[in-house]
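Below, subunit A partners subunit B and then partners subunit C, in two separate complexes.
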Partner chain A sequence: MLDYILIQAANGLVIGVMFALIATGLTIIFSILKIVNFAHGEIYMMGGYFGYYVITLLGVPPFPAVLVAMAITFLFSIGLERGLLTPLYSPRIERKADYGILITFGLSVFLRNIAIILFGPFPLRPPSFIEGSLAVFGGLMISYDRLVAAGGGLLLLVALIWFLNRTVWGQALNAVSQSRESASIVGINSERMYMLAFGVGGALAGGAGALIAPIYSLSPSMGLVPDTQAFVIVILGGLGSVSGTIIAALLLGISQNLFIALLPDPSRGPSYANAFGLFIMMLVLLFRPTGIFGRHAVAMD
Partner chain B sequence: MTNENTTKKIAGRGRLPRRDVLALAGAGVAASMPLFARTARAAQPIKLGWVGPLSPPGGYAEGILMKDAAAMAADAINAKGGVLGRKIEIIYQDTRGLPASGTAAAERLIVQDKVAALFGEFHSAVALAEMEVVHKYNVPFLACDVWSQEITAKGYPQVFRNSTTFPLLDTMIGEWMVAAGFKNVALLAEQDDIGLAGRKIAAEVLTKNKIPFKLYTADPTATDFTAQIIRLKAQKPPFDFFFILYAEAGAYPMVRESHSLGFAPTPHTGIFLSGGDGVDPTFWKNVGKAGVGLLCENVGLPKSGWNNKTKAFVAVFKGKYKTDPPGAAMESYDAVWSLAEAIKNTGSTAPGAIIHGLETLHWVGTRGLYTFSMSHTPAWAYHQFMAAPATILQYDQENQSSFDAPIVWPRKFATVPYLYKTPTA
Partner chain C sequence: MRAPDLALVAVLALLAAAFPFLVNAYWLHVMIIAMMFAIMAASWSLLAGHAGQFSFGHMGFVSVGGYTAGLLAHFLGLPLPLGMLAGVLAAALVGCIIGWTCLRMSGPYLAIFTMAFSEVLRITIVTEVEVTGGAGGMSVPQLFHARTDLPYYYLILALLVVSVGGMMLVVASRWGLFFRAIRENEQAAAAAGVKVTRFRILAFAIASSLAGLAGTFYAPYIGILTPDIGSQDQMGLVVAMAIVGGMESLPGAVAGAISVEFLIQALRSYGQWRLVLFGALLLFTMRFARNGLLAPAWLRLRSLAAPRAAALAKEAVR
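For the complex of A and B:
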C-alpha cells in the first residue's frame, strides 16, 4: 500500500510541476498588467504546436525544441501584447479590466479556431523525449516523458525565480507589480515591462505546452482545461504571487492524484478530480480570501 | 368625307389604341409568368441542411470529415445533373457539440434557409435537441454518427438514422468479450449520457453471461488518467480486459499511459477503445506502439464487403484528403445520396414525400443496402438502419490501416481464425 501511495504522490508531483509552469505565467501577467489572460490556455496550445513543427519540419531534437518553442511563443506573445493590449495603457480606456477580459477572451476563441485551420482538427503528438518507463516502487512505473517534463518544468521554474530575483529585468518587473508610479519615478519604463511580462508569461505557457505534448497529445482545444486549472491555482496561491502559485500547483497536483487513488469509490475518481480542485479552492478562500500568499490590493489602476 | 374616313380607317389598320396595347402586354406577361416561375424553380437548388460540430468543445475533427464527405456527395450528384433537374446545395451549421447550438442551428436552417431536410450530427445529446425542432416543423432529419438509442426510440416520424446504435454495437462487443473468454473486465466510460448509455448495455451483456466486471467513469474533459490506471493495475484479482468507452481528447493519452504503465495491452490484459478514435487518421501518430494489440470497432463495411461505391468513395476521399475515410464520413456521404434518392423516387421535396421516400428506400451506398425499419419493437428500431455495418478489429502491426487490420468479430466478416490475439510483452 505504501508503494501505491508513493507512486501516486510522485505522479501528482509531476502533474503539479506542469500545473505550476502554466499557472506562473498567468500570475506574472496578472501581477504586472493587472488583467486576467483568458487566452493563456491557447498560448500554451500554440507553444505545443510550435514545438511539434520545430521537431517535425526542422528536425530539431525534442529537448532543444522546447527552448525554440519557448522563444517563438515569447515573440508571439509580445506581438499579441503590442497588437491588442496597448490600449490598456491609454488613459482613454476607462474600464481597463473589462477591456482586458473581452480582448483576451476573444483572442482565445480566435486562436482556438485558427489552430483548427492551421494545424488540422486531429490530435498530433511529437516524438517522446525518451521512450519507455522507469520502474520505481514495487513494480509500479512512471514514464520517462513525465519525468523529463517534470525535470524540465522544475528547471524552468528555478530559472524563472532566479530571473525575477537576481536580474535587473526581474527586479524591474517586481517593482512595476508593486507600484507603477513608484517604478516610473525611478526610471522604469512600465510599458516595456508589460511587454516583457506578457512575453515571459507566454513563453512559460509555451514551454509547458511543448513539454506536455508527448504526454497528452496536441489538439486545438487542449488549452481549455489547463486554463481553468491554472485559474484555480492562481487564486489558491494568491493573485500575483509566483511562490504562492508554485506551492498551490504542487499541492493541487498531489492532492488531486491522491484523491483519485484513495477515493473509497474507485469508479468515480477521474469524474470528480477537477471538482475536487474547485472544492479545495472554495475551502481555502473561506479561510483566506486572498489565497495562500495573496496581496490585498490587486485591482486594475 | 368618305374618303377622309376611309383614309383614317386605312391609316388605323393594324394599329391598336395604347390602352389595348398595354392590356395585351399585361396579359402576355401574366400568361408567361407560370413558365418563368417554372424555369426559375427548376434553376433553384434543393437545399439540405447539415448539422454537426466544426469547432470546440464538440468533436470537430470528426465533424470536419463528415462535412467534407457531404460536400463530396453533393458534387457527385450535381455532376450527374442533380435531382429532378435541380442542383443539391448543402448549408452547413456548426453546432459545437452543444445542444443549445444544435437547437439554434436546426431552427435557422428550417426557418431562414428553408431546407428540405436536415442530416448529419456527431453528438447524440445534440441530435436529441435538434430532433425536437424538426419534429415541431415537420422536416425530415437523417441522423448520422449518433449512437444513442433514444434518438429513434422517441418514434418521431421525421427522424431516421443511418449509423449503428448502442444496442446493436455494444451488444456485439459484449458478445465478443464473452466469446473471447475474458474473466474480469474493467469498463471505463465517459461521464455523460452517451458514455453511460453505452456502458449500461455492455454491462447488461456481461451480467447476463456472468462475467465479473467493474464500472468506472471519467470526466469528458480529463486528459490525465495515470492515477486511475495505476489503481486499475493494482486491482486484485487483476483485470484481464480494459474496455474504454471514451471519444474525447483524453482517449489517446489514456491508451498510451495504459501501455507505458504496463497495464494494457499486455499478455495479461487486453484493451478495447470504443467511440471512433481507434480508426481516426492520427491514431498511430498518437499512440505508436501502444496501438499494437488494441481492439476497436469500425462502423464502415469491412474491406471484403466493399462494393463499387465504397471503393470509389475511398479512392476519391483518400486522394482529396490524404487519409482513410472513417465510418462517420461514409455515413454523411450516404446520407446526402439517401435524401436525394428519396426526393427522386417521390418526385417531390415536400416533407411527407421525403419521409415516405426514406421509409421505402432501397438503395445501395458505400455502407451497403439502405433500408429503414418501420418496426417499433424494440422502440429504437423505428426508422433505424438495422443492417448498419459494424465489425471489431484488432491491430497486429504498428501504422496498420484500419481497412487492413484483422477483423475478429462478427465471425461472418472475420479475416483471421482467432477471436483475440494475446499481445506480446
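For the complex of A and C:
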C-alpha cells in the first residue's frame, strides 16, 4: 500500500510539472493582457497535435519535435492574438473583461470542434521518447516517458524563470504587468508585449501538450480537464504570480493523485479527481480569493 | 406598445399557433428543441447581458431541473408535473445559493466559479451510476401519451411566451434598471441606493429557475436524460445563440436560438462541420459585431421602413 501511495505521489509530481507549464502560461497571459484565456487548454491540445504531426509527417525525432511544436504553437498563438484580441487594446471597447471571456470561450469551442475534423475523434499516440520503464521503490515502475516529461517540463520552467528575470524581453513583460502606462513612458511597445505574452503562454501550453502526448494519448477533448485544472492552480497560486503558480501546480498534482490513491472506492477515483481540484478551487475562491499564498489581489480591468 | 409592434406580435402569434400544421414532424421536433434552447439563451442573456454576471454554469441549472424531475419520478413515483415544479424550485434554490456564494466575485472569477460548479455537478452525475444512470443516461416517463409532438409544441410555446414575456417585463421595470446599474458599476449603484446583494441574487435566481424549467421540459420530451446536457459544448451553443441574437436583447436571444438551431439542423448532412460553424459564428459575432447580428439587423430594417420610429426605438434600447 505504501509503495502504491509513493508511486501515486511520483506520478502526481510528473502531472504537477505539466500543470505548472500550462498554468504559468495562463498566468503570464493574465498578468499582461488582463484576460483569463478560456481557450488555453485547447492551445495545449493543439501543441500536442503539432508535436505528433511534426514527428509522423516530417520525421523529426521526438526530442527536437517538442521544441518545433512549441515554436509552431508560439506562432499559432500570436496569430490568434492578432486576429481576435486586438479589440482589447482599443479604447473604444467597453467592458474589456467580458469581451476577453466571451471571445476566448468561443475560441475554445471552435478549436475543440475543428480538431475533431482535422485530427479525427480517435486518440492518437506519438512514439515514446525512450521506451521502457525505470524500476524504483523495489518492483514498482515509472516509465521513462514520465521522467522525460517531468525533466523536460522542469527545464522549460527554469528557462522561463531565466527569461522573465534575466532578459530584456522578460523585464519588459514584467514592467507591462506592473503598469501599462509607466511601461510605455519608458519606451516599451506594450502591444508587442501583448503578442509576446500570448505567444509565450501558448508555447508553454503547447510544450506541455507535446511532452505529455506519449503518456496519455492525444484527443480533441484533452484540453478540457487541464484547462479547468489550470484555473484551479492559477487561483491557488494567486492570479499573476509565476512562482506561486508553480508551487500550487506541484501541490495540486500530488494531492490529487494521493486523493485517488486514498479514495475508498478506487473505481470512482479517476472521475472524481477532476471534481476534487475544482471543489478545492471553489473553496479557495470563496474563502481566500487571493490564493493560498496571500498575494495581494490583482485588480481586474 | 406602438401599432406596428402590435401587428407584428399578432402575426408572430398566428404563425406560432399555425406552425405545426405548416411543417412535417421532423421540423416540428426541431422547433420544439429550438424553443427550449430559446428559454436557456434568453435567461442567460438576462443574467449576462443585463445583470453583467457571466455565468458558464447555466447548463448546470438545466441539469438540476431535469434530474430533479427525473429522479423524483423514478424513485418516488412523483407525478411528472409535480416533479417539474420541484425541478424549477430546486434550480431556483441552487441558483440563489450560487448567486449568494459568488456575490464578491465578478468577471472571470465568476465565470470560472460557475464553470467549476457545473463541471463538478456533471462529473458527479457521470460517476454516480447507481442513482443517475451515469453517462448512459436515465429514462424519464413521457408527459403526454399522444402520438404526435403537438402537445409538447404548445406546452413549450406557452412556457417560452410566459418566461420571455416575464423577463421582458422585469427588464423594462425598475428591477431591470437596477440590474443594469449593478452591471455598470456596483459601488455607484450601491451608493445610489440599489440593494446590490438582493438584486444580484435575484438575477441569478430568475435566470437559473428558467434554465431549470427548460431542463424539466427537456427530460420528459426526449425521454432520456444524459449528463451531456450540462457539458461546456452545450454551454457554448447557448452562448452562441444569445450572442448572435444580441447580448442585451431578450427577443434577440430567442431569434438567435431558433435561427442557430435551424441552421445546425439544416446543415446536419455536413456532420461535424456544423459544430465548427457555430463556434466560428460566435467568434465572428464577438469580433466584428459585438451587439449581435439579429437585433441590430432588425433595428436597421425598421429604420429603413420607418426612420422616426426606429430612432425612438434606438433611444429606448439605450
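Following the convention adopted for this analysis, the second predicted complex is superposed on the first by the 272 of 301 C-alpha atoms of A that agree within 3 Å, B and C clash if a C-alpha of one lies under 4 Å from a C-alpha of the other, contacts with A are read in each partner's own complex, and residues count from 1 in each chain.
Just so we're on the same page, a residue touches a chain if its C-beta (ideal position, glycine included) is under 8 Å from a C-beta of that chain, and two chains touch if they have at least 3 such contacts.
In this text the structure is predicted, and so the values were computed from the model without any measurement.
Visitor: Judging by the criteria at the top, classify the pair subunit B and subunit C on subunit A as clash or fit.
Guide: Superposition result for subunit B and subunit C: clash.
Visitor: Using the superposition on chain A described above, determine whether A:Pro87 touches subunit B (first), subunit C (second), both, or neither.
Guide: So A:Pro87 only meets subunit C here.
Visitor: Is A:Ser271 contacted by the first partner subunit B, the second partner subunit C, both or neither?
Guide: So A:Ser271 meets both subunit B and subunit C here.
Visitor: One more residue to check, A:Leu224. First (subunit B), second (subunit C), both or neither?
Guide: A:Leu224: touches subunit B and subunit C.
Visitor: Would you check which partner chain A:Pro64 touches, where first means subunit B only, second means subunit C only, and both and neither mean what they say?
Guide: So A:Pro64 meets neither subunit B nor subunit C here.
Visitor: If we overlay the two complexes on their shared chain A, which of subunit B and subunit C does A:Val36 touch? Say first, second, both or neither.
Guide: In the superposition, A:Val36 touches subunit C alone.
Visitor: Touching A:Phe122 in the superposition: subunit B (first), subunit C (second), both, neither?
Guide: first
Visitor: In the superposed model, identify the part of subunit B that clashes with subunit C, out of 189-197, 243-251 or 405-413.
Guide: The listed stretch with clashing C-alpha atoms is 189-197.
Visitor: Can you list the residues of subunit A that touch subunit B in one structure and subunit C in the other?
Guide: 112-113, 116, 224, 268, 271-272, 274
Visitor: Give the list of subunit B residues in touch with subunit A in this complex.
Guide: So the residues of subunit B in touch with subunit A come to 55-57, 60-61, 63-64, 191, 214-219, 221-228, 230-231, 233-234, 249-250, 252-253, 257, 260-262, 280-282, 285-286, 288.
Visitor: Taking the complex as given, what residues does subunit A use to touch subunit B?
Guide: Residues of subunit A touching subunit B: 4, 7-8, 11-12, 15, 112-113, 116, 121-125, 132-133, 140-141, 143, 145-146, 215-217, 219-222, 224-225, 256-257, 260-261, 266-274.
Visitor: Once bound in the complex, which stretches of subunit A touch subunit C?
Guide: Its residues touching subunit C are 35-36, 38, 83-84, 87, 93, 95, 97-103, 105-114, 116-117, 224, 228, 231-232, 235, 268, 271-272, 274-275, 278-279, 281-282, 285-286, 289, 300.
Visitor: Hey, which residues of subunit C end up touching subunit A in the complex?
Guide: 52, 54, 56, 101-102, 104-109, 111-113, 115-117, 119-120, 123-124, 126-127, 232-233, 236, 239-240, 243, 272-273, 275-276, 278-280, 282-283, 286-287, 290
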